[in-house]
Amino acid sequence: MESTEKYTSDEMMSIAAARQLRNNQICFIGIGLPSKAANLARRLHAPDLIMIYESGTLGAKPTRLPLSIGDGELADTADSIVSVPEIFNYLLQPGRIDIGFLGAAQIDKYANLNSTVIGDYHKPSVRLPGAGGAPEIAGAAKRVIIMLRQSAKSFVDKLPFVTSVGFGSGPGDRRRFGLTGAGPTVVITDLGLLEPDPDTKELVLTNIHSNVSVQKVIESTGWKLRIAEKLEVTEPPTATELEAIRSLVSAGE
Amino acid sequence: MAEIVSLKEAIGSLLNDGDTVALEGFTHLIPMSAGHEIIKQRFQQLTLVRLTPDLISDQLIGMGCVNKLVFSWGGNPGVGSLHRLRDAVEHDWPCPLEIDEHSHAGLTNRFVAGASGLPFAVMRGYQGTGLDTYTSTVAPISCPFTGEELRAVAAINPDLSVIHAQRADRKGNVQLWGITGIQKEAVLAGKRSLVTVEEIVDELDRRPGDVILPSWLITAVAQSSGGSRPSYASGFYQRDNDFYIAWDGISRDRQTFMSWMNENVL
Amino acid sequence: MAEIVSLKEAIGSLLNDGDTVALEGFTHLIPMSAGHEIIKQRFQQLTLVRLTPDLISDQLIGMGCVNKLVFSWGGNPGVGSLHRLRDAVEHDWPCPLEIDEHSHAGLTNRFVAGASGLPFAVMRGYQGTGLDTYTSTVAPISCPFTGEELRAVAAINPDLSVIHAQRADRKGNVQLWGITGIQKEAVLAGKRSLVTVEEIVDELDRRPGDVILPSWLITAVAQSSGGSRPSYASGFYQRDNDFYIAWDGISRDRQTFMSWMNENVL
Amino acid sequence: MESTEKYTSDEMMSIAAARQLRNNQICFIGIGLPSKAANLARRLHAPDLIMIYESGTLGAKPTRLPLSIGDGELADTADSIVSVPEIFNYLLQPGRIDIGFLGAAQIDKYANLNSTVIGDYHKPSVRLPGAGGAPEIAGAAKRVIIMLRQSAKSFVDKLPFVTSVGFGSGPGDRRRFGLTGAGPTVVITDLGLLEPDPDTKELVLTNIHSNVSVQKVIESTGWKLRIAEKLEVTEPPTATELEAIRSLVSAGE
């Protein structure tokens, strides 16, 4: 049931990300794009998605989109709330989280993420918010889903700072660093989906959103992007999906 | 046993220039009024510790109270950057700001070690990240049983830890509920501690999910109704999201910021 | 997500001969009926982990289910000795019993490390005591920041952890309250976990001081009303102190013990 | 107001111990003799004594004498209940406890305690319950009060097993072991009070209960007991104290 309506590339990105999530998956959710996608999944095919936020809320069922990871809406609708030490030491570190769901400012071809600085660390041209929960989510979640908008500035050949490890400089690095999770399995952007090559761990464009050209994706990537032999085209949003995403109201609105 | 005093008196007697001060409250029960009191009393050269520096940290930094920030995520939640923090890091305004930067899990465990009276805590983290390079408070440690290499993070024991809570009784026992974050550990890690509360009551009737901090673990309690505004205090008031968005504009320009602080805080 | 099954089925499918099994409940919510089910199903060569071995441990040991005990205080609380434990240690009856003995703080931290997915935890303890000499699960460790020598205790991750709680809902979410001891850590440290509950309800209405264990952290839930008797379950029944005193007589003699077990448990 | 009533040596011991405690002291209490003495103090001169039990109950105000450290009576009357990890890691280890109040089966002249075995560890003649919370209470409480009945079998020259450290083999050992508290300040028995010599740390008889002979105390001590130059005589129980101790009813009775 493809919609005949127009949709934005951001809507496509959120919907493509929401489709990755399933009922009863335990999902550790970063704020911003991941939170929007997870809440969209809950309204569509995954009402029993188990959402964990680093503020300590377990099983939150927000009726409106939370504005921060500590939004009162999350606390009020959670099955329970635990302390921040519990979240990181008892729930994340031992590998109990199925999916770590992260955003970032920049990514490289091995799905390492930067959310710390642009430029020199001590004299940055842009000081970003920093790590938050991301490094240990990237390390310990059973697998990681990443969302960010794709451009030559965000998909870079070399990160100025590695905040969270994807695959380091290639196969074997996760083990060498002692990271217990399997790492990123998919990167969802406003242009398509990238997945790590099973052997080299380099990100490969495997899906392209409809109405996006391969040339556009290549130009929006700061390294020589590999394209899958069988490049799939993302199903456009259905009317139900579009209706759901447009009815998501932020808390406080 | 905790003394019940005024906020002005508490900050005046418990804090010194050059102290390490933790202001905790993980996105909820943020001790805003205590931060304002620190600004009003013109404290200097503080090391500010806070997992999630937000508006209150932006204000303390912009007013020149802080010369070192220990943190793990510094943004305006749901809005964007903290412009005063950025201006300090990027342009040394109003003074250079040293930073000791961690992940949430790392800084959390520094508080856990501090609360536990241990010099360090052990975790699996930081490996492969750039964070390892820029801090002296993370070090490798080997498991004496398995040989696995993990990370030790140094305990943090602030001279003063400040949190905000919903209630205290007249003996100074404190009750908080909702998202309680790292607040218990912050209080326990502090050499001295101050809890500001929405109200002081005769009896703390217990609630599901509440945390009780007995009076004998706290140095001082001060009543401060609305002490977390414009953030929120579950059961008392909601977050003023409009102000968080407005702060982006107020804080972006040095002069606008100074005028706003003069009019609204000093 | 936790499956809701019968106690018989749960013990039968989650436990194996030779397993390490933790039965936790710190003087409250002791999983007595689960212990009885282990005896009924004649499990052998278990390593039993329990901070405070009491009557249920005495019974498991006396019935020959256990060949190693990991513990920190083994007595009949308020009464005296555990005679079956003593008989096993002092006279190898009914079989030799290896012991790995700790302090409460030490065994607690072994569970904390297990729950945290770490191979060890750090603490200040054991130094100068004889306990250090007789266990291989405690080792010195130096702080990489201060050089202080502390103790590392090895993580414990039982094959099966069993606790008793007041309630579960039909999805397998568990609620317990009162003294909740080390139970959360025991469940989280277990490779598999079983929670027996007094009752299964449609909705868990929250209570002050309660602990919620989400269904996704638990392998199985089994209803077992009175599952802690003759110990107690806050809100359901009190401890049968007369039986604790009577146990001293029942357990003192091997034959009296066997007869009692045959009549009352098997 | 000395009572003209008769009293037992156990009553004298409990009363002498209760007199050591003060309002607002934070007291970590072992079960048995210490629990009885602490609850007696609460009924007499120290109603605001803050009693901590290792089961996690903070500020318990039992109306009846608890039978175990996890008695329901403690839970029901506590200001709050915390987990066992919190009790040991957050409250005891950092030195927040004013007084650790311990019993034991045996003691030596340096106030080291044994509650583990009599005889060889692997083939003991008597297997005792073991350590429980005692080693870390003895290590980390600001100071320690010890109670046990005095006899040549319990006051021994050499312990078969050191469960909890008093002063090790003398001055300096606590520091060498990294124990942060000051150690035992008084041992209260059914015959008198012993205190460590400030220089040698050896226990010295400083008080003798009335109606007890020094000879009796010497005979009840397995080492050559030192007697203080100024040996004080314990004030006999008052009528109020005796009434209070006799009205203490155990939970469940």
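First chain written, first letter: the chains are A, B, C and D, and each begins at residue 1.
In this text, a contact is a pair of C-beta atoms (placed from the backbone, for glycine too) under 8 Å apart; a residue touches a chain by one contact, two chains touch by 3 or more.
Keep in mind that this is a model prediction, so the values were computed, not measured.
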| item | value |
| --- | --- |
| Chains touching both chain A and chain C | B |
| Mutual neighbours - chains that touch chain B and chain D alike | C |
| Between chain C and chain B, distance of the C-alpha-averaged centres to the nearest whole Å | 38 |
| Rounded Å distance, chain A centre to chain B centre (Cα mean) | 28 |
| Whole-Å gap between the CA centroids of chain A and chain D | 58 |
| Chain C, residues touching no fewer than two other chains | 117-118, 123-124, 148, 150, 184-185, 209 |
| Where chain A touches two or more other chains, by residue | 80, 89, 93, 140, 180 |
| Chain contact graph, described as a line, ring, star, complete graph or other shape | other |
| Chains that touch, pairwise | A-B, A-C, B-C, B-D, C-D |
| Complex interface listing, chain C residues touching chain D | 26-28, 51-52, 71-75, 77-78, 81-82, 85-86, 89-90, 101-105, 108-109, 111-112, 123-131, 134, 148-150, 178-182, 184-185, 209, 232, 234, 238-239, 241, 244 |
| Residue ranges of chain C touching chain B (in the complex, touch as defined) | 117-124, 137, 139-141, 143-146, 148, 150, 152, 154, 206-210 |
| For the chain D and chain C complex, residues of the former touching the latter | 31, 54-57, 67-72, 74-76, 80-81, 83-85, 88-89, 92-93, 116, 121, 123-136, 139-140, 161-165, 168, 173-174, 177-180, 251-253 |
| Residue ranges of chain B in contact with chain D within the complex | 1, 115-118, 173, 184-185, 188, 212, 214, 216-217 |
| List of chain A residues in touch with chain C within their complex | 24, 26, 50, 58-59, 79-80, 89-90, 93-96, 140, 180 |
